[in-house]
Structure formats: C-alpha cells, structure tokens
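Look for chain A in each of the two complexes below; its partner is chain B in the first and chain C in the second.
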Partner chain A sequence: MDPYYVALTTITLASIYGLLALGISIIWSSLGMINMAQGFTFALSGYGAWLVSQYIGTNGVVVVAGGVLTGALAGALVGGIAFIPLYDKPNFPLRSLIATLAIAMLGSQSLLYWFGPRVKALPKVFGVGSIHIGSAVASYDKIGTIVCSAALLLITLAWMKRSRRGLEIRAMMQNPEGAALVGVGLRSTAMSVMMMTGAMTGLAAVLLSQNFFVSPFAGTMPLVKGMVVALAGGLGSVAGALIAALLIGLIEAMTAVELGGQYVLITQFAFIIAVLLVRPRGIAGMIEHTRE
Partner chain B sequence: MSTGQQSTPATPEIGLVGRSRLLPPLRAHGDRTWRRWRVPFTQRGALDYITAFNPISLVAERRIVDKRLLWWLAALLVLVIVPPLFGNDSFIGAGTTFAMFSAINIVWMLTIGTAGIFSLATLAVVGVGAYGTAYLSVYWGFPWWAMWIAGPFFGAGFGVLIALPAIRLEGFYYALLTVGVAELCRVWVVQSRTLGAANNGLYGADGFVPADMSTTGGITLGYFLALAMMVAALALYTYVNGQRLGRLLRAAPEKHEAFAEALGINYRAARIQVFLISSAALGFVGAFYATLLHGASPSLFTMDQLLLLLAMIVIGGIGTTEGAVAGTLIVVLLDKVFIGLGPLRLVLIGAIMLGTVLFLRGGIFGVAAQFKNWTAKRRSERRAVSRGKGGIVMPEEATEIHDKQNIAIGLFQLRLRGELKALVNDALIEEHRTTPRSRRSDNLERVLNYFRMAPMAEKYGVLMVKPFAEYRIVAISGRRGVPPRAVDDQMFTTPEDADHGVFLKRVQDLMES
Partner chain C sequence: MTDLLRVENLSAGYGPLGVLHNVSLTVRAGERIGIVGLNGHGKSTLLKAIVGLTGWQSGSIQYNGVEIGGTRSQGPGRNTHKIVRMGLSLMPQGDALFHGLTVSDHLDSGAYTPKAWRERKQRRERILSIFPPLEKLLAQPVGKLSGGERRMVSIGRGLMDDAKLLLIDEPSLGLAPKISKGLVEALMQIDLRDGAMVIAEQNISLLEGKVSRLVGLHAGKLKGGATAPDALLSEHMHHRH
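== the complex of A and B ==
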C-alpha cells in the first residue's frame, strides 16, 4: 500500500463528498428539509456544463462556471417548488421530503426525455497530464478537484462567517422562529441557502464528471454518498460533515486498495452504522431540540 | 415525523347524534340486536352497526355506521370479475402487477402509517426475498412452494437487520439510511456474479404455473394468486393495526416515545415486532415475485422503483389501506396505459405526486375532510367579518365571563340592534316628534321598547329645571345617592321637546353601535 496514493485519493474524495454533504447538512439545519432532489441538481448541473461546453466554449473556467450556475438555478427551482409553498403548512418535514423525492423522479425522467439515455462526456477542464508527489502520480484532475472544492468550501464558510446573509443563515440554523422574529426573511434566506448549496452541488458535478459521465441518473450515487457523509458527520454540523468526509474518503480509498472496489459501499455502510449506533446523531450532530 | 398522528385512518367519528338519521335503517330481528359473531382472534364485529328499536313502530332497526367493508367487498368483486372476463393477457398482467404492489403498499403502511417510521427499504426487503428464494431455486433446486416458505424467513432476517438501527435513529436519519441500504443492495446484486450480474438479474427459478397450462391460464392463475395475496395483506394490516400492537405503536409515534414509555409502553419491542411481521410479509411477496417472473432483477432496488412505490401511497394518502390500493391503481394504470409515452409517463406520475403533496394533506382520500375543513374555515371567517366584533365573544374571552347567559344575551342584543337599525328613518323620527301623546306605529313602538329596555346606568332622562320653561337632558348615574349628570347645554321649553331630544340621542347611540 502506498500512503501517498491513499492520502491523495482520500483528499480528492473528501473534497467532493464534503461539497455534497455540506449541501445536505446546511439545508437540513437551516430549512428543516431533507433535500432528496440533490441528485437531480447534480445531474442537471452536469448537463448544464455539457451544454456550455457544446455551445459556448470548452475553456475550463467557462465549463465550471456553467455547472455552478446551473446548480444554483436548480437549487432555486427546488427551493421554489418544495420549500416556499410548504414551509408554513402542517406536516412540513414529511411533505417536503416527499416533494423533493417527487422532484428527483420528475427531474431525472425529464432529463432522460430531453437528452436521451446516451451518456455525455465533459471536456477535461484541467487539461491532461500529471505531476509526481512522492511516489504517487497526481493527475491534473485530482489537483484541480482538490483546489477547486477547497476554494469553494473556504469561500462558502467565510461568506457564512462574515456576510450579513451568512449571519441570517446561521440565525436560521439555530432557531428559525427566533430568526423570523428579529427580522430575518425566511423565504429569501431559504432561497439563498438553496442557491448556495445548489452551486456547491454543481461544482461537485463538474468535478466528478471528469472521471465519470453525465447521465440522467448520475445523481443517485453522489446523493447516497453525500447523505452517508452528512449522516455520519451529523446533520447540521459543518465541522462534522468535513470530518466525516475525510473519514469516509479514507475508508473508500483503503477499501479500494486493500479489498477491491466492489466492497466500498459495504465498508462505508458498516462504518456509518457503527457511528450511528454509538452516536445516533452522527459525529457532531446538532441536538434535535436546537433545530426546532 | 408526525405521520402517525396526523394521517392514521382512525378519524374520530363525530357522535352519531346528528348523523344517524342519514343512515338507512335495515330490518333486524328483535332477538338479534347485539353482535352474535366476531372476526376471529379480534374483539370486533366485521361490520360496524348500531341497533335500536324504532320508538314509533317498535321495530328493531339496524344502521350501518361504517360502510367501508361493503365498499371493499364491491371493489374486490369487480377485481375478481372484470380483468379475467374482459381483459387481454397484458391487461391481466398489469392487474397482477397492481395486486402485487397493492400488497406491498398495504404491508408498508404498517411501518409508515401505524408505526410512523419513514422506512424506504420496503422494496429492498422484497428484493432480498426475491433474490434469496431465486438463489435457493437456481442453485439448490427448491420448488416453488418451498420458495414461498423460505421467502418470509429471508424477509424477516433482513427485517431484523434494518430494524436494529430504527430503534436508535430518528426520523430523517433512518429514512436516509434506508435509501442507502437499498442502493447498497443494488450495487451488490449488480456486481455479484452468483446473483446474475452478467445477465441483468438472477433467472431460472421455479414457477408456480404448471407446465401443461396455457399462457392465458398461467397469467390468470398468477392474477388470482396475487389478488389472494393482496387480500391476505389486507387481513394482516387489519389484524396488526386494529389490535394491541397497532394501538401500542400509534400511542408511541415519533417524538412521543418518552411519553409512551412513561405510560409503560415498550415501544422498542413493538417496533421490532412490527418490522418483523411486515418484513416477513414482504419477503413472501418477494418469493411470489420470484416464482411469478422466474427470478429477480436489480430493478427492485433502484431509486426509481422506490419513488414509484412512494408515489402510489402518497397519491392515495399515507395511513389508509384504501389510499394505498387506490394510489397503486392510479399509478399502475398510468404506467401501463401510457406506456407509449416512454419517460414522459413517469414525469406525469411525478407531477401528480408533487401536486398531491403540495395541495393535499392526506392524499385523495383526505380530500373530503380537507374540503370540509376549508368550507368551515371560510364560513367562520365570513361570519366574523359580517357581524363585526360587537356582541361576538371569542372563545378565549368566554372563559372570563362567569354567567354564560350574558354571552347569549349579548348576541341577542346584537341581532336586535341590527334589525332595529333597519327600521330607523326620517319618517319614524318625524312620527315620534309629531305624536308625543298618541298611539304610535308598530315600528316606532319596537324601537322605543328597545330603548326602555336599556339598563338604568347611563340611561338618558329629562330634568325639569324650571316648570313649563326649562328642561334639559341628563344621564342617570344608576347608583343611589349619586345625582344624574348633565349631558349637554341644550335647553328645551316643553317636556315633549325634551322627550324628543332624548329619543334623538338614543337613536344616535343606536345607529353608532
């Protein structure tokens, strides 16, 4: 086993999982909604980036921007359909969960109808080539993935820490009713949360599509992985999601090296079930009462 | 999640006082007014009826309170007769799919409705049953009846696995975990060579259709068996939901576990029991699936199939068996009738599901209750707007009023004022001025009677300052020893004029009220 290779793979996976899990985690803690349409956002952003690369330009920055923008738009769409009409209605958590599931179904089938079942390939936005780190070979893909997602994560976290909107989001995460009482607009804040997490998912889609293809059902696996990480980290905790992303990335890399690729999901689930049985709210999950 | 509380089928029956007259009476024998037989193993009769002697004719009459059983029987009769008689092979095949998915949904209702646990691994349990029994048949040569026996064991075994986290985890954590478990199973069967990774499913299992049967005969046999399975699922649901276990579970929904525990309910044991029961039943459905299609396919574990299943119960309404069956019927019909549309039909189903969840609280079977609620709300809003605040006492104020009769009196006075206001006009006032000592018209007498009825405090009176020269209007204090106070500076020269002045003031007060 090559420690450099494992470390590199771990960090690459962790950065993508971190993007996906943070989206799910932030939406849950601020909106009180489980966004099962994240997979649809993922697939739609992939197609957005593909359309941009087909009709506008194959420059890496343009393609990434296309994916991120499509993701933000898809996030706003999901928020507009599943959160805005439902958030003050009875039984909101369950109904919004079902609504996002319905959007996931509707969306992936629409994509299948518009674009057909054939998969699309995105251009290599980071170019082709590799550099050596220790004894491991780091392709430009991996370096680009790590740099891009780390940059977006840092920007997001700084924005949530510094800006007024970020303050509003954090207020809403702590207590939505209290936030509304002191003048935080729940709808506008929710829409900005949805757009922000949509942008994160869009970036993850572009980055992951460097190695995989864009297809209508490409979102299921990232959704499941993102949820696994968010669950293990604890819904609503940024730090927990990042720690869990690292741990799960490490487990995936180790399993792929030691046992073989087909056992990855099994070891991940064994890990998450073990974590949840010891700590039912994940590594650093919020206490439910805080959210309510 | 509060599914369990909000959408359980047991909508409280509002007393029969106002409704019983709407129920058609049936003749009953006088000796047999009480229920003579019960559904086996339960404490209740099949049909919920009330029996009473008609006070006029003295005939024993029986009124059916809950007609759902009759509707079910009629629907099942249609299902038994119509597809085999009038449908072609593919229609009967769609009927088999419908009956099978109905059975799955009815059993799922036990966990998602009765226990209130949002488990999304239902289809995965069916898949495990199907794959397990297909494996036994393909590699160990099990016949179809042995597969049916083995199915529940596979289901129950897998059920224990997914029930264990359900004790610790709450709501969303569990829902997400079950989605992940289904995806894990899908990846496993897609990659495993023994489970038929090469030819997209594990095929070659034994089937229940005898070899010498015609194609149509085989399909019809499958349909009737699936229908029987659906009825069995209904019986299981009724038995579990209506008896002790169902009551324990409904008493301990999500977020109320601590309360239930304080009542002495062992909700953990109850949840494991319901998981075991429903998983065993789902395992049997899986075995049936494997014997029907001679194998199992990975599509059982896909997210899309799960969403289709969820669409069925959401459209019908979570928490009721009739909702589960009706939703299944709608989705299967759309899925099979519009098969030429390709992916668009799933888009259509998704749109219906989205519309249902956005606008309806309890699926299509909750529409009636929701509409009734809505009209009642609109009516009360209109009432509040039209009457103003006047004599209306809000419920929270009513607790403060000691003598509740005052509430009714206030309401009566409010209506009376409304009627009297309509009577007051210039002609009436002129009549009062011109006829001080003579007979008045009916309308004027009504108005005057209302004025005379006013309480003594702050009642207007006429004070004689100088006889036959100076009169003025005062307001009586209503307390002994406290003199009346002057209302204004206006002087009248005759008592008749002063009387009319008092009348004008009262009319003004009336019109302003």
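== the complex of A and C ==
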C-alpha cells in the first residue's frame, strides 16, 4: 500500500464529502429540514457547469463558477418550494422531508427528460498532468479539488464568523425566537442558507465530475455519503462534519486499496453504525463530552 | 408627550387558550411603566403580543401611530423581526439566548441596523459600562454563564440598537434579591431619551417608587391602569398576602 496515495485520496474525498456534509448539517441545524434534494442540486450543478462549458467557455474558472452559481440557484429553488410555504405549518420536519424528496425525484426525472440518458463529461478544469513531490505523485485535479474546497470552506467559515449575515445564521441555529428578537428575518436568512449550501454543493459537483460523469442521477451517491458524514459528525457541528469527512474519506481510500472499490459502501456504513452505537449524537457529541 | 405605544382591545393567547382579554394600554415617551401581577396572569403574553410572538391575537397595537397588531391566528414570530426593526426591543423571560455563542457575539447580534453594526465596538463599550461584570466574560459561551450574567447579556443585547421602546420581562426572575435590585437599578439608569420602558415584574417592591406608574394585570385584564394605580395596588397586595 502506498501511504501517499491513500493520504492524498483521503483528503481529496474528504474535501468533497465535507462540502456536501456541511451543507446538509447547516440546513438541518438552522432550518430544521433534512434536505433530500441536495442530490438534485448536485446533479443540476453538474449540468449547469456542462452547459457553461458547451456554450460559454471551457476555461476552468468559468466552468467552476457555472457550477457554483447553478448550485446556489438550485438551493434557492429548493428553499422557495420546500421551506418558505411550509415552515410554520404543523409537522414541518416530515412535510419538508417529503417535499425535498419529491423535488429530488421530479428534478432527476426532468434532467433525464431534457438532457437524455447519455452521460456528459466536464472538461478537465485543472488540466491534465501531475506533480511529483519526492516519491509522491499528485495529479492536478486532486490538488485542484483540495485547494478549491479548502478555499470555499475557509471563505464560508470566515463569512459565518465575521459578517452580520453569518452571525444571524449562527443565532438562528441556536434559537430562532431569540434570532427574531434581534431583527433576524427567518425567511430571508433561510434563503441565504439555502443559496450558500447550494453553492457548496455546486462546487462539490464540479470537483467530483473531474472523475465521474454528469448524469441525471449522479447526485444520489453524493447525497448518501453527505448524509453519512453529516450524521457521523453530529448534525449541526462544523468541526464534527470535517472530522467525519476525513474519517469517511480515509475508510473509502483504505477499502478501495486493500479490499476493492465494491466494498466501500459496506465499510462506510459499518463505520457509521459503529459511531452511532457508541455516540448517538455523532462525533461532535464526543468532542463536547471530552471538553466537559 | 406623544403616545409611543397604544394598545387597544388586545386579546391574545396560544391555541385554544385565551390569556389576554380586551387589554388597553398607552405608553408615552419618557415613561417607565411597571406591569405587575402574579405568575400566569398574562404579563409575558402582553409583551410577547406586542412583538407578535403569541400564538394568535386580535385588537389594535399602534407603535408611533403605525399599526403592528391586528388579527392573526397563526404564524407566531413571522413579523417579529420587522416589528423589532421599527425600534422595539423585547428582553424576554428565559432570555432566548444562543447558548453556543459568546457574550460578544450576543451583543453584536443586537446591532441589527447597518449603523449599529458599524458602531458595534463602541456600543459594546457602552453596554459594558452598564454591566461591568460582562467585561471579563466576553469570550465565554453564554451557556456557561450564571442566571444573573445571562440576564445582563439579554438586556445588553436589547440595548445595542437604538430601540425606543424597551420591553423587559421579569428582570428579577430566578435571581438573588441583591442581584435583582442591582439589575433594576441599572435599568433605571439607562437613558431613555425620547423612548420608553415597560417592565413586567412579579415583585412590586422592586419597582415601587422607581417607575412613572404601575399597572396591574390580573387574569388577563388590566386593573386600574394609569388612572387609579393606588386602588389597584392595594388590591394586588391583598392578593399576595
């Protein structure tokens, strides 16, 4: 086993899963909604980036921007349909779960209808080639994936920490009534959460499409993995989601190298079952526990 | 003096439960009003209804001549942020704080207008001069603070923006007598400028002689009101003993 390869693959996967999981986690803790349409946002962003590469330009920056923008728009669409009309109705968690699931299915079928079943390939936004550092080999797309997602993560976290909007989101995550009392409008804040997480999903879609094709149902597996990471991390915790993303990425890389790619889902689910048996609230629950 | 707040025939409650029945109350600029009454008689509900946080309500609430009440049967809190942004500030019972956020984050969160947000550092200093114990706690998450410290954070948060009407719910709740006295003193020190302050409080002796007038709330109805506070008070005292 090549430790450099495993480490690099782990970090690459972790950055993509981290983006997805953080989106799911932030939506859950600030809006109280499990967003099953995250997979649809992912697939739509892939097509958005593909359309941009077909009609506007194949420049890496342009394609990435296309994916991120489509993701933000898809997030706003999901928020407008599944959150705004439903959030103050009884039994909102279940209603929104069903609404987002419906958007996911309807959306994927619409993509199939418009774009057909043939998969599309995105241009290599980071170019083809690799860098040699000592005995380690790192391809451009892996480095690009890590750099891009780290950059977006840092920007998002800094924005959450420093801006008024970020403070409003953090306040709403902790106590919606208290947030209303300091002038935070639930609807507009919710829409900015949806657009922000949508943009993160859009970036993840472009990054993952460097190795996989864009297809109508491309979002299913990323949704499952994002959910797994978010749950294992402890829903609502940024640190927990990032640690869980690293662990899940490591497990995927190790399993693929040692056992074979077909066993990846088995080991990942075995891991999350083990985590949830020991810590029902996920890894973040563990951190909070040791801190006390 | 102009009427800052005019409440007329306000009824409000939660689900099938009616808590307030045809309450009318006028608050003029420059006043400090104490609303007294026993637990469960509607003090908190009155303050919540003013910012639209009750389950349902009917009747009229005018703030600076603008209607913010009206009849509504659902959506508690849907318009609260807009009402708050008009210049009302509620410091609720139980504080409605954000347990994972630090004290300085809380104070910042109270600065919701762009102007207040730009000036948040200076404004924070002003709050710290009112509540000096918070100075050392700025980086602490609020979940770790004591009850008295939380009340200071909650009230400090409500003072960060230029709210004209301060609604303070039970400043003494759960606090040691000495601390609640100090807190009420601090509230009396706050410069109202052309605004007003409404304090809901169970313990009359804390407010007696310090506020412009006392209004009693009994079984969801205002008693006496501004015209005959003494009669009301003696009746209220009678209930307590």
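Criterion: the second predicted complex is superposed on the first by the 283 of 292 C-alpha atoms of A that agree within 3 Å, B and C clash if a C-alpha of one lies under 4 Å from a C-alpha of the other, contacts with A are read in each partner's own complex, and residues count from 1 in each chain.
Just so it is clear, a residue touches a chain if its C-beta (ideal position, glycine included) is under 8 Å from a C-beta of that chain, and two chains touch if they have at least 3 such contacts.
Predicted model, so just to flag it, every value in this text is computed and none were measured.
By the document's definition of touching, of the two partners only chain C reaches A:E177; chain B does not. After overlaying the two complexes on the shared chain, residue contacts for A:E168 are found with chain C alone; chain B is out of touch. In the superposed pair of complexes, A:L97 makes contact with chain B only, with no contact to chain C.
Legend: residue contacts after superposition of the two complexes on their common chain; A:Y113 is shown touching chain B, with no touch to chain C. Legend: residue contacts after superposition of the two complexes on their common chain; A:T220 is shown touching chain B, with no touch to chain C. Measured by the number of chain A residues touched, the leading partner among chain B and chain C is B. The part of chain C that touches chain A in the complex is made up of residues 51, 53, 74-78, 80-82, 84-85, 89-90, 92, 95-101, 105, 108-113, 117, 157-158, 161. Those residues of chain A that touch chain C in the complex are listed here as 88, 164, 167-168, 170-171, 173-186. For chain A in complex with chain B, the touching residues are 28, 34, 36, 39, 81, 85-86, 89-91, 93-95, 97-99, 101-106, 108-110, 112-113, 217, 220-221, 224, 227-228, 230-231, 235, 262, 265-266, 269, 272-273, 276-277, 280-282, 288.
Note for the complex: chain B touches chain A at residues 1-3, 6-7, 118, 164-165, 168-173, 175-177, 179-181, 183-184, 187-188, 191, 303-304, 307-308, 310-311, 314, 342-344, 346-347, 349-351, 353-354, 357-358, 361.
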